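Chains: A, B, C and D, in written order; residue numbering restarts at 1 for each.
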Amino acid sequence: MNMDFIANNVVLKADNIVGVRGDRLLFENVNFEMSQGSVLYLQGANGTGKTTLLRMLCGLSKPYAGNISWCGENIDALAEEYYKDVLYIGHLSGIKEDLTALENLQFSIALSGKRVTEKQTAEVFNALGLSKGLNLPTRMLSQGQKRRVALARLWLQDAPLWILDEPFTALDISATERLKQKIEVFARDGGMVIMTTHQEFTLNIPKFSQLRLDENVIKKVA
Amino acid sequence: MIESNQNTTSGITHLQEEKSNVAISMSAYSVLLEILKRDIRVALRRQSDVAAVFFFFIIAASLFPLGSGTDPKLLSAMAPSVLWVTALLSCMLSLSRIFASDYADGTLEQMLLSNHPTVLIVLMKILAHWVLSGLPLVLVAPLIGLQFNLSNEQLQILAISLLMGTLALSLIGSIGAALTLGIRGAGVLIAILVLPLYIPVLVFGAGAVNAVSIGMSPNGALSLLGAVLALALVFSPLASAAALRIALE
Amino acid sequence: MHWNSISEFLAMGGYGFYVWGSFAVTFLSMTIELWLINQRRKSVTRTLEQ
Amino acid sequence: MEKKISINWFKYASPKTFYPLAGKIIPWCAIGAAILIAYGLYIGLIIAPTDFQQGEGYRIIFVHVPAAWFSMFLYLIMAFYAAMGLVFNAKLSYMMATAIAPTGAMFTFVALVTGSLWGKPMWGAWWVWDARLTSELILLFLYVGYFSLQAAIDDKNRADKASAVLALVGAINVPIIYFSVKWWNTLHQGSSVSLTKAPAMAAIMLQGMMVMAIGFWLYSVAVILMRVRCEILERDSKLKMF
């Protein structure tokens, strides 16, 4: 799957996605396109299916109807080819309580096929204000610290598409600010982000759009 | 962000990072090995779970003589079935360990989203479970067999049949574990789903030891057990991976 | 006609209990299954009418 | 605002067209079943001669053997529909698999009870560890596993798919289990006690069994279609379609 697209070419495309949970219709004909450097911010009250849509976008669950394509190919057909380009952080932190923060990080980076040294992880942890928590089993850490261990992957893993489900929860102001800067740097470098959050927030980047799930309308924010 | 030196297949402009600390990329096998090592490390962090299953086997097997009297002939007659059924039950008890805790804390999702086929990941997790639940039984079963005054040759065949059998049990059992992820009362449900599927393994495994006790050669039973193991090795990871996809939808 | 009297037919050569027992179990199970489906159909149509 | 499903989800599967079609087939099957079963009974109980070995007791085969056939046959058909459901993600196939299971389990239960009723006069024991009876018992366990998995999962969608996977795994195991039980049986008992060696089959007896089998088949089709219609109504009653 080679991808010689120039900067503002469509990379991720969703056409009339339908989401159903049990027998309740969550959302219908959701359409959007994303090119390099764009950030899509999903909004909607609880239960409008934000998480379901995110899980569909990262390939965990299949949409009831409609098609999601990555570089022109359906993500179902791509499977592993697509997964390696996606970094998904959901409600669950994806951290083993019995492993230390370092072991957790090294394992999740290993999953993406890269090996990371302790020095590198230590640098990222310091940047996130987690300097002392490195060798403690993560169950000792607070909820906020655990969240930061999960988010540390953004600094260490190399993936063009980030799908973040409420990344700011349980983060203090400094960590939230640091994450916002990280997303801006990532987007400016051509990365793509799809995220949901409850706090009102804006990013000063060229392609920052908002999708309100309940009204199903795409608004250019920036 | 690590600036990976070789071009990511998606060819997107490199994501520069202030300090270009280079990450060594790992071959697929080392990643799968990483999963195996990590699963074993996690299980060993909670030795009590692993030990509990191990002692269940010892205690349960020793209960039978208390129930049936100590006539050596009777004991050695029922020994293969007793040892095999208790081994089967203790393996089944620890099945939920394969996926349940990873499902609960979200690491299972991350594994499914890695760029390795789910079937291989599932196979690694099953091997990790087998190493900590099956192998210990293989080592201790001959000792327990002495209680049932089995002959040396019977003990030897018992160990061999358990070696192959416990792996088949872990493989088949993983399907039940994957199907019942996140369901209330999964513990008992796994037993109902998996025990009927365990029957061929039990029949051939215990059959091998029985064959020795009546002077026949156990090779027939052992080769059939090997055949069941081969089938389990091929089909179980496929079925488990499908069941995981369904559970995580 | 193989049998020459009803009583002989019922006795079934001494195996009466087993033969009639088996047939009774079979057709009883079938009728129970049919009855269960009817109950289910009635309850579904009732909920649908609301 | 609670938005009920506005898209006609039937459009994606064909239960809507299937429902009336099944309605037409059911009466014909029911009548056919009744006639054939009555005729089969007539042959089996009245016309068929006494068996020189087993006396009159052998007449149980007219019910036992067709029931055993269908217990196995329906499990495989259920696994077939489960596979169709998984491959095409068609709601209707899942519903068919769900509808077949109870009838299959019923026939397994009947086969077991009639088998033991046959074993008692012939071999003096209510339960005979015969290869076929034992695999019949294990088949009942597989059905129990199928029902308990389906009952344990609340989300209908996942329940369908999970039980479909289990049905497929079970179907792969049925021949293996049957072979292992047969192997185990010959190892321990030799084949002296074997229900499988039916008495020398006079033509009339075979014919009786065939008629009963077709009668059972029509009965199964009718019952399963009725149950599928209930499934469609039940699933659709939540959707408030009509």
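By definition in this document, a contact is a pair of C-beta atoms (placed from the backbone, for glycine too) under 8 Å apart; a residue touches a chain by one contact, two chains touch by 3 or more.
What you see is a predicted model, and the numbers here were worked out from it, not measured in a lab.
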Taking the mean of all protein CA atoms as the centre, name the chain whose own CA mean is closest to it.
-> B
Counting C-beta pairs in contact, which comes out ahead: A-D or C-D?
-> C-D
Subunit C-subunit D separation of Cα centroids, rounded to whole Å | 17
Distance-wise, how many Å sit between the C-alpha centres of subunit A and subunit D, to the nearest whole number?
-> 48
Taking each chain's centre as the mean of its CA atoms, subunit A sits from subunit C at a distance in Å of 61
What residues in subunit A touch two or more of the other chains?
-> none
Name the residues of subunit D that each touch 2 or more other chains.
-> 157
If you go through all the chains, which pairs of them touch?
-> A-B, A-D, B-D, C-D
Where on subunit D is subunit A touching in the complex?
-> 2-7, 9, 12, 155-157, 235, 238-239
In the complex with subunit C, residue positions of subunit D that touch it = 41, 45-50, 55-57, 59-60, 63-64, 67, 102-103, 106, 109-110, 113-114, 117-118, 120-121, 219, 223, 226-227, 229-230, 233-234, 237, 242
Contacts from subunit B onto subunit D in the complex sit at residues 175, 179-180, 183-186, 189, 192-193, 195-197, 199-200, 203-204, 207, 210-211, 224, 228, 231, 235, 239, 242-243, 246-247, 249
For subunit B, which residues count as touching subunit A in their complex?
-> 1-4, 8-13, 15-16, 19, 21, 23-26, 28, 31, 34-35, 38, 41-42, 45-46, 101-102, 104-107, 109-117, 248-249
Counting only contacts in the complex, subunit A reaches subunit B at residues 1-4, 7, 36, 55, 58-62, 71, 80-81, 83-86, 88, 90-99, 103, 107-117, 119-120, 123, 137, 154-158, 160, 186, 189-191
